[in-house]
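Across the two complexes that follow, chain A remains constant while its partner is chain B and subsequently chain C.
Moving on, here comes the complex of A and B:
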C-alpha cells in the first residue's frame, strides 16, 4: 500500500479500506459519475487499494468531454467572426472540433478570451458595446446556475451585445441511459457531490428504486471517495438500494433552491447529444424562449455544419464505462495530451487524460507493447 | 472547470443591484457573486464555482480542502494562466499580450 501515506489522514484512510476489505464478499461494479472523482481515484491509486472484487467504472461526468462536436464546431465558427469576442473557460481551448480548436482560432486572429467566470464575459460585453460578446456555456448542474444568472443579469442591465452558446447537460438522465443500456454492468453509483450541492438529492430516489441501484452522494477528495465506496459496498452486500449522502458537509438534501429557481426561469429541458454517446432524452438545457435574444444560436446562423469525428477514437465507450482508456488502440501512441484525438484526452477531468497523466509509464509502455503499429 | 473551490469571504458589497463578495482562496483573491447564497457573511466559507458561491461550508472542512488542493497543485490549475496551460499541454507557444484576465480582474 505505497500510496496510503499520501492521504491527508492516512490512519482514517486505512480504517476505511480495512472496513471495505472486510465487508466485500462478491464482485461489484460501481460507477463514479464525476470526472473530478475519476482523477482523484487514478491520482491516488484508489482503484489499486480497493479489494479486487470492487471495480470502479468511470462515468461520463466531464463537461468538456461530453460537449458534442457539432457545438464545438459552432463555437469555432462564431469565434472566427471579426465582430465577435468569444469568451470561454480555459478547459475548452484545446478541445478538438472538426480540424481545429479555439487555440488555433485565436492564433488565426480570432478574438478568443479566457474568463474565470461568466460574469467576466458580461463585463467585457459592457466595455465593448460595439462588439458581439459570446460566452461558451457548457457544463453540468454546477455550471448552469452561474450561466443562467449571467443571462438574467444581461437582460436586467440591458446589455444587448451579450449572448450564450448553450450546451448544458444534466446528470440524472445520463444515469438513466447508462442503466437502460443492454450491456450495462453498473450496480451502484457514486453521485457527483457538487452537482448535488445545487440540485439536492430529490431526483435520485426514483432512479435508485426503478433500477434497484444504491446511489451514494460522494465528494471528490481521496477520503470522500473511500467513504462513498464503503457505504455503497455496504448497501450492495446487504441487498439494499437507497440514496445515501456521504458528502453532507457540502450537500443539503434540498440543494440550493435559489439556483434551482433561476435554472427553471432561464432554461428549459431539452434532448441533448453527448459527444461519443449520442442523444439522451431530456438530458440538457437550452435557453427558454423568453431569453432568445441572448441565445447565440439564434443570433448567429450556424446551421448546416458538417462534423467529422476521428474514427479511431473510442471515447464514447470510455464515457459509458464500457472500455478503459488504455484499452483504446490509440491511447498513448497516436493519442496523447499533446496530440489528442478525443476530448477525453484533452480535458483535465477526462478519463483518458487521467490515465495518461498518472500512469504514464506503466500504461503507455503496456499500450506500446500491445500495439502492433509501434 | 467542474471543480468547485472553497473560499473565505473578505468583504461584501452591492454592485449594480447584485450582491458581490471578495473571496480568498488560499491566497488567490477573486470576485464572487452571492446571489445564490444571499445570507453568507464576512468570515464565512463557501464552495465557489466559476465565480458563484453555491453552498456554505464549515471552516475546518474548507481549510482541509484548500490545503489538499494546494498540495496537489489544483489551485494553480484553477487560477493559473489558462493560455499558458493550454500551450504547455499542446507543446505550442502561448499567444502574447493576453491582458484579458488582468483586465477583468480590476
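Moving on, here comes the complex of A and C:
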C-alpha cells in the first residue's frame, strides 16, 4: 500500500502530461471503460489537465450503474421477506429501484446487512441455519470470481441456506456493442485493469483489429490513467490499433487461470440486460444448472416485477458515452445524489455522481458565463 | 439578530417555517444520523420547526446563552458507538470528550456535565462499571465535573448494550465570539492534526477489518488546546470539531453558514498513511471520515502564524497545519485543489459513506 503516494506523484504526472501535450496534434475521443477510472479522472481533475483535443468519454463500467432495475427490484422483494438475511456490498444499498432502495427496506424491518466480502455472507449463513442468506452478486469480471468461489464453497461445505442473486456482466461484449452503435464516437479504449488481471488480454486483439481501435490496459491511480492516455494517444497519432498493457504490475497476459476456472465451473455465459442500455448478447453470467439450488432467483421465484424507470433519466446515453452527465436536463436539478433518478447519480463510481460531486463548480461557472447578466 | 439571548425571553417563532415532509424517506434510515445532508434535513424540517427558539436557530455545536449577565455555552450529545471499547478509547471517553469539545468550539471550558445511561437488559454490570470508570477518568482529564445523571434500562434487544447522553455547560470568556458568520475571505484554515483516525479505528474493530497496523482513535478533550489558541488572540473566527461527516462536513457547514467559499489544498491535509490505505481499500474519502480529537479553525490571516505556533506547542496540536483559506469565489462551496493541480468540489455527505464494490 505504500505505493499509493508514488502513483499520485505530481512531478511524474507533470512529465506524463507534458509528453501527452507534445504528442497530440488533433482531436481524439478516448473511452475509459471502468467507473473507478472515471472517478480517479474527475476526483483528481485529470481531464482539466489534458490537452483540449483529448476528450475522455466515460464508459459503462460501473457495476452498480448497469445492474438492471428489474434485478434491483428483485433484490428489494427478496430482502423484504422475513426469513431472509440479505447481504450486499455497501454501494448497492442506495441504488434506487422502482420507488425505494435497500436502505428503505431495512428501515421497514428487512434484515439487510453490508458485508465487505461474499465470504462474510457465507459465514452469516453458517451462523444462521434457520434463515435464508442471500448475497447480491453484481459486478464485472473483477468481482465474479470471489462470488463464484462463495457458491462453490457453499456447495462443498453443505450450506444449503446460502444463495446468490446474480447480475454479473462481461466487458468485451459491451465494447463490441458500443463500437457497433451507429453514432459511436469512441476512437480508443482505456481497458479496465482489474478486469484484465482476472481475464487476461486474450479477448481484446480481435476487437482492436475488427474495430481498428487501440485498447490500452490501464490501472486506477492518477499516474496509471495518464500513462494509459499517453500510450493510447501515441497509437492514435501513429495510426496504430494494438492491445497494449500499461498495467503490467497487476495484469499478466494470461490473467488468473485459477479465477477463470472458478468462473467456468460455477457460471455460464448468458445474454444480460444493462440498465439504461438494454440487452447485450452474451454479456453476462448466471449460475450454471449444477448450482441452481444456490440461485436466489430460482429459490425465491420472484415473478411479476413491474419496473418503472423515470422517463427523464438519460443515464443510458451517459453509459454509452453519447452524453456527458451535465448535458442531461435533469442533472443537478431534479436529479442529484440526494434524489437520484438513475444509478449513475447514486453509485460511488457513477459518472453523473462524479460530475455532481466534483465538477459542480466548473459547470455552474460555465453556465454563469454563458448566460447574460440580467 | 443578536447571537445570544435571554433564556427567559419570548421565543421568536416567526423565524421558522412549517414542517415539510421528508421528501423521499417515509422512515428513518441510518443516514439520518450520519451528520450529512439527511441529518440536516431532519433537523431543518422536523426538529427545528417543532422546537422554535432563537438560540437553536444559531445551529452551533453548542448554544451560546446569556443568563443573568453571564455568557454560557450549553451542549448535548448522545453516544451509540459499537463496540463499547475500541483502540484508543471507549464510549465513556467519547461521552465526555464529545460534549466537552462541542463546548470548546464556542470557546468555553466545560464546567459541569450531566450523564444519562440507557442500559440494555442483560449487559454485564462489570461492563457498565468499566465504561463508568472510563467516563470518570476522561472527565477528570478534561477538568470537568459530572454533576447530575440518570439511568434507564430497556428490554433486551431494544438497545446496543449501553447508550450514553451527556450535556455540558461552561463559561464563554469575555471577548470571544466564535461563529461561522464571522468568517471572511482571507481567513486561514488550520487543522490541529491528522484526520480520519477515529473513524478508521472504529471501522477496523467493528467490521473485523485489519489493515496491517493498529490505528488508535484520536479521542481527546480539546479545551486545553482551545485555551492555548485563545491566549494568542481571542479573535478566532470559528472553530469546529469535525466529528460525524468528517472534515468535509465541518467545512461545508462553515461555508454554508458564512457564505464564504473555502479552498483546501488536498496535499496539505494531514492524512496518516494507515488511514489513507484503509480508505483506499474501502473506497472511502478521508475527508469524510469521523474524528474525535481534532479541530478546524478559521483564523484572521494576521494571527495565523501565532495561532499555529501556539497549537504546535500543545500536545494535541503538535501536527497542526494550514490547509487552505476562505475565498470570495464560489460562495458557500468547498473546493479542493488536487495534488495534480486540478480542482474538485468537496460536498456535504448525504448520509454515511458506503464501502464500494471493488
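Structure notes:
The rule we apply is simple: the second predicted complex is superposed on the first by the 355 of 374 C-alpha atoms of A that agree within 3 Å, B and C clash if a C-alpha of one lies under 4 Å from a C-alpha of the other, contacts with A are read in each partner's own complex, and residues count from 1 in each chain.
Assume a residue touches a chain if its C-beta (ideal position, glycine included) is under 8 Å from a C-beta of that chain, and two chains touch if they have at least 3 such contacts.
Just so you know, these numbers come straight off a predicted model, no measurement behind them.
Three-chain overlay on chain A, with chain B and chain C in a clash. Judged by the touch definition given at the top, the superposed model places A:48 against chain C, while chain B stays out of reach.
Judged by the touch definition given at the top, the superposed model places A:10 against chain C, while chain B stays out of reach.
Judged by the touch definition given at the top, the superposed model places A:103 against both chain B and chain C. Of the two partner chains placed by superposition, A:24 touches none, neither chain B nor chain C.
Look at A:159: by the touch rule set out above, it reaches neither chain B nor chain C.
In the superposed pair of complexes, A:357 makes contact with chain C only, with no contact to chain B. Using the contact criterion defined above for the overlaid structures, shared-chain residue A:256 touches chain B, although it does not reach chain C. In the superposition on chain A, contact of A:114 is made with both chain B and chain C.
Once the two complexes are overlaid on the shared chain, A:280 sits clear of chain B and of chain C alike. Residues 8, 36, 43, 63-64, 89-91, 93-94, 103, 106-107, 114, 116, 139-140, 142-143, 194, 337-338, 348-349 of chain A lie in contact with chain B in one complex and with chain C in the other.
Looking at the complex, you find that chain A touches chain B at residues 8, 34-36, 43, 61-64, 89-91, 93-94, 103, 106-107, 113-120, 123-124, 139-140, 142-143, 145-146, 149, 153, 156-157, 194, 197-198, 220-221, 249-252, 256, 258-259, 262, 337-338, 346, 348-349. Residues 1-2, 4-5, 8, 10, 13, 36, 42-49, 63-64, 89-94, 103-104, 106-108, 114, 116, 138-140, 142-143, 194, 222, 337-339, 348-349, 356-362, 365 of chain A touch chain C in their complex. Considering their complex, residues 23-31, 37, 207, 209, 212, 267, 273, 276-277, 280-283, 330, 333, 335, 338-345, 347, 350-351, 354-358 of chain C touch chain A.
Residues 1-4, 16-18, 30-31, 33, 35-38, 47, 49-52, 54-55, 57-58, 61, 64-65, 67-68, 72, 77, 79, 82-83, 85-87, 89-92, 95, 98, 100-101, 103-104 of chain B are the ones that touch chain A when the two sit in their complex.
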